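Below, each structure is written out as structure tokens.
Note that subunit A is present in both complexes that follow, paired respectively with subunit B and with subunit C.
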Partner chain A sequence: MLLPDILILSACLILLRNLPGRNLQRNLLLILTVIFVFKLQPIVPIRNFDFWFPFLSIGLTILCWHLCSRSTQKKDLHDFLIILAAVVCVELTRLLDIPSLFTKTRPPQLQPFLVVLLLFLFLLSLTRFLHISDQKIMLTSGMVFLIFILILLKTPSLTLGTSRFLRMISGQSPENAAVSDIRWLGVSYLVFRILSILIDTRNGRKFSMLLGDFMIYVCFPPALSAGPIDRYDRFYKDLHAVPSELSEDFIAALERIASGLFKKFILADSLSIVSLSAQNSHLWIQPIWAWSALFFYGLQIYFDFSGYSDIAIGLGRLIGIHLPENFQHPYLKPDIAKFWNNWHMTLTQWIRSYVFNPITRKLRSDKTHPKPQWLIILVTQMITMLLIGLWHGVTLNFLIWGAWHGAGLFLHQHYYQATKNWIINLQGHNRFLYHVYTFFSTAITILFVMTGWIWFVIPKTGDALQFFSRLF
Partner chain B sequence: MNQTIEILTEKIKNEIIQQPKRELQFDEPLISSGLIDSFNLVDLALMVEEIFGVHIDDYELNSDSFDTIEELAMFIIEKQESGIH
Partner chain C sequence: MNKIFRIICKSLLILFVLLVLYSLTQPVQWLGKISFYNWIFPGRERLPFGENPRIAYNFSLNNLDAMFASHKLHRAEKQDEDFRVLFIGDSSLWGTLLKPEETLPGRLDRQEMMIHGKKMKIQTYNLAYPTLALSKDLLILNRAIQYQPDLIVWSMTMESFPFDKQLSTALVENNLSEFLSIAQKTDLHAAWLPASITPDRYAMTLLGQRRDLADLIRLQLYGFMWAGTGIDQNYPSEYPKPMTDLDPDAMFHGIEGPYPDEMMEWDILSAAHRLAGPIPILIMNEPILMSHGKNSEIRYNFYYPRQAYDVWRETLLKTCKSNQWPVLDVWDVLPPSDFSNSAIHYDATGAEKIQKLLSDAMESILN
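Entry: the complex of A and B
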């Protein structure tokens, strides 16, 4: 999100909050949500895809709702028409001579738009028909499809192939294709929100969500581009809570947004000038400068991401939505487990809910072939962290970064089990020594996390290894 | 409620965190404080399912659902009363 977007969004949310009646507020919030899916989408070099990517985001959300919700209220049709009208309005801005009103470039011609819209409506009717015959297969297909999209967008060679294909169907030269062409705003977060509902429904949960509520949850503008990844149940409660006076939230929201802007646009942007990057990794020859650049990067990524989360949380509060926290002083934690409990918390909580807990439960419940505890810990920690690595991109270095943290968590678990009683004793009987111990364990955790960032920031393994060797 | 809290306190001290001598208050944060880690949490869910016959879903295993023994007892009783087993 750029500064003008943040300002426009803040103004819109404050206006909405001051309107009488939660129902009117909610309907206008739905329109605002749909329009901002288009408005926040960055420019894409493939013709009209700054329109088609948001269109796909909205389409996927409606399809998922269709598969999961048991709601059969008239209000759903009402919501569907609101969404459709908002999308058509965005398309019709093509006829106006105002550049970049809702989309970065002019929306597509009317004819292809109508063809795609009809195709989508056909697909929607088809899923309803198939859905009735076998819900589980449809839900599994939906999950596989969403994971396929993530793999396609996060594997550089596949992304390049996708760009070539999209350029071809848009009548552009495939030779100019690049990985950076496929900039689909917030797709990783959107897919994870939708996946959680598909998985829960497949596990037997029954949702009766209104289409409009679900659309606002999945595409909520403040959290669209970089999270936090909220849960539907929690979001729904806030969306329908009796609105308190804006004055109660206003100061807190503004403080949060101001803190986020300061972290993101002043601290992170200043640090980016001197921090380690893929382009400058070979320039840091002396260990002292290499360490400095690495630490600056660690601080930059923290201020950038946590600043963004602050802005999202602040914007949410303007309309009475309390988005979950994403960062709670992660660099001040005394061990790697606590670091991960406080770094990108909503992503780790998601992976814990849908990957770590089910695997651990399965392995722990197997009484006929009991597995040794160390093996369960190793397998579950590794799978969890490798997946978190791959979520950032399907590359060798993200995999190494995941394995680095998986190994760290595994070793810490063993160390913690062995020293637990000693630490508790120290905490109870010798506060001074306990503080000294906490200070050193925090320092070691920071060093471990910082050296891990090498794999995260430098895309080529050879370059990363070379930089690693320069630290010593 | 009190009986549920007592059972939970004993089981958590002896079987989950394995510190029988530890004083455990019913309003003491267990998950957010790091006393119960992510592995212990799954064990806790399995234990609750075995003793109280209620199912805790994987997405409910976090400090937002329950963080103290008192909150866990409430969580179990609510599930028992609503018939979600």
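Entry: the complex of A and C
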């Protein structure tokens, strides 16, 4: 999100909050959501894909709602028409001579738009038909499809292939294809939000959210580009709660947005100049500068990400939605487990709910071949962290980064079990020594996390190892 | 809603007060003097300049205070046995595509030399700046003489002389009031100089100076990269070589034949000597590429038609002789293979050759 987008969004949300009537407010928020899916999408080198990617985001959301929902209200049709009207409005801006009104480049011509729209409506009807016959298969297919999309967009070779294909169908030269062509805004977050509902529904949980509410939840503009990943039931409560006076939220929202802007646009952007990168990893002359660049990278990624989260939380509050916290001073935590409980919290909670807990339950419930506790911990923590790594990109460096943290969590768990009583004793009897201990354990945790970033930031393993050698 | 309105009003009022205070105090003027260089980071070997900061870890800015504060000269100590030589000039001396130690000043630094019968250690500082205009050199010289130089080496070429070049560099354009005061101090009267500057109110506001302020912060941040990597420019592995096949064009700045003296800024040479006072200035006519390709009988290179350059060079030498200014004319000493990406940018081999000639010239004028 760029500064002008944040300002426009803030103004729109304040205006919405002050409108009379919940229905009007909610319908306008739906329109705003749809329009901002297009507006926030960055420019894409593939012709018209700054329109088609948001279109796909909206299409996927509607399709998945269609698969899960048991809502039979008339309001859903009403919501569908609102969404359709908003999308058509965005498309029709093609006829106006206002550059970058809702999309970064001119929307596509009317004929291809209508063809794609008709195809989408056909697909929607088809899922309706198949949905009735076997919902479970449909839900599983939906999950597989979403995971496939994630893999496609996160694996560089597949992304390049996708870019080539899209360039070809857009009449552009596939030779110019690049991984960076596929800039689909917020797709990782969107997929995780939708996946959680598909999984829950598949597990038998009743899902009866209205289409409009679901669209607002999945594509909520403040949280679209960088999270947090809210839970739909919690979001739904906020969306339908009677809003308090804006003034109550206003100051808190402003403080949060200001803090986010400072973190993102002042601290993170400044640190990006001096922090470690794939390009400069081999240039550092002395270890002191290499260490500093590494720490600056760790701080940059924190301020960048938590800054965006602050902005999202602040913007959410303007409309009365309390998005969950995503970062709570993670670098000040005394161990790696606490670090992960406070770093990108909504992602870790998501993975815990949908990966860690089910695997742990599965491994523990196997009574015929009982597995030792340490193996269960190792397997679950490793899988969890590897998945978090792969979520950032299906490449070796992210896999190693995930394994680095998985191993760290496993070792910490063992260390904690062995020293638990001693630490509790220390905490109760010698506060000074306990503080010294906490200080050193925090320092070691920071060191572990920071050195882990080397795998994250340097894509080539050889370069990363070379950078490790530069630290000493 | 009233409460929100009150908050917005109060915020706007505070913002307005801060903006007025900013305009009144003009902090950008003294903020430039505050620098992490020569304190946390080592001072730069050359003045900051660059067009691709993310790769070069260097960039161009217009705040002379900040530029000098970032240079290693700013905090350099001068011992009794040190002989301080400051170099001013354009990109060929600054060292485009050369590492700091490969430039002329870099090669001469810490060398020992017999000066007035006494063995002294040469302490060189590269104050060249990659734009072609004598006015810019005068602006830098004015700052440089505050650092107690014993000798100034001024590397120049014909392209820096025409009137239309003098106000074309951003450094002079953005420090015009300082240049006007130098012109007044040195009795420089030039047709291209404005008599006075009308103050731009907007340029005194925070909004008008936001770029300058951001540049000051960026300069400090890139100091970290300079300190950590020792890189201060982009060194591409491949670059276009200077043209040797030339157009059949005998014009220099739109004029065919010898370029008129009255359209060149010869007076800046005198002004510089007046400014330097007793400090000797060694003028160096820098090497140019002499092509042997197509139309090389008309032009030496991309910049210079033969006739215009020859006449200018003759005038330069005559002017130096009549004023008894020491001059080193090395215009033709380098073969085309010693040039890198331009007809005036010599490479490390070229710099090594010039260094010997310059070293001899320095020794001869100082003894």
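In this text, the second predicted complex is superposed on the first by the 472 of 472 C-alpha atoms of A that agree within 3 Å, B and C clash if a C-alpha of one lies under 4 Å from a C-alpha of the other, contacts with A are read in each partner's own complex, and residues count from 1 in each chain.
In this section, contacts are C-beta pairs under 8 Å (C-beta built on N, C-alpha and C of every residue); 3 or more make two chains touch, one makes a residue touch a chain.
Remember, it's a predicted structure, so these values are computed and weren't measured experimentally.
Novice: Once the shared chain is lined up, is A:Ala290 touching subunit B (first), subunit C (second), both, or neither of them?
Specialist: second
Novice: Touch check for A:Trp343: first (subunit B), second (subunit C), both, or neither?
Specialist: neither
Novice: Please determine whether it is subunit B or subunit C that touches the greater number of subunit A residues.
Specialist: Per-residue touch count on subunit A favours B.
Novice: Touching A:Phe51 in the superposition: subunit B (first), subunit C (second), both, neither?
Specialist: Neither subunit B nor subunit C is touched by A:Phe51.
Novice: Which partner does A:Phe250 reach: the first (subunit B), the second (subunit C), both, or neither?
Specialist: second
Novice: According to the stated criteria, A:Trp401 is in contact with first (subunit B), second (subunit C), both, or neither; which is it?
Specialist: neither
Novice: Could you look at A:Phe305 and tell me whether it touches subunit B, subunit C, both or neither (first, second, both, neither)?
Specialist: Neither: A:Phe305 stays clear of subunit B and subunit C.
Novice: Which residues of subunit A touch subunit C in their complex?
Specialist: Residues 14, 18, 246-247, 250-251, 254, 270, 273-274, 279-280, 283-286, 289-290, 292-293.
Novice: Spell out the residues on subunit C that touch subunit A in their complex, using ranges where they run on.
Specialist: Counting only subunit C, the residues touching subunit A are 1, 3-4, 7, 53-55, 217-218, 221-222, 224-225, 227-231.
Novice: Would you tell me which residues of subunit A are touching subunit B in their complex?
Specialist: Counting only subunit A, the residues touching subunit B are 196, 200, 203, 205, 231, 234, 324, 337-338, 341, 349, 352-354, 356-358, 360-361, 364-365, 376-377, 380, 413, 416, 420-421, 424.
Novice: Under the definition above, what is the set of subunit B residues touching subunit A in their complex?
Specialist: Against subunit A, the touching part of subunit B is residues 19, 22, 34, 37-39, 41-43, 45-46, 57-59, 61-62, 64.
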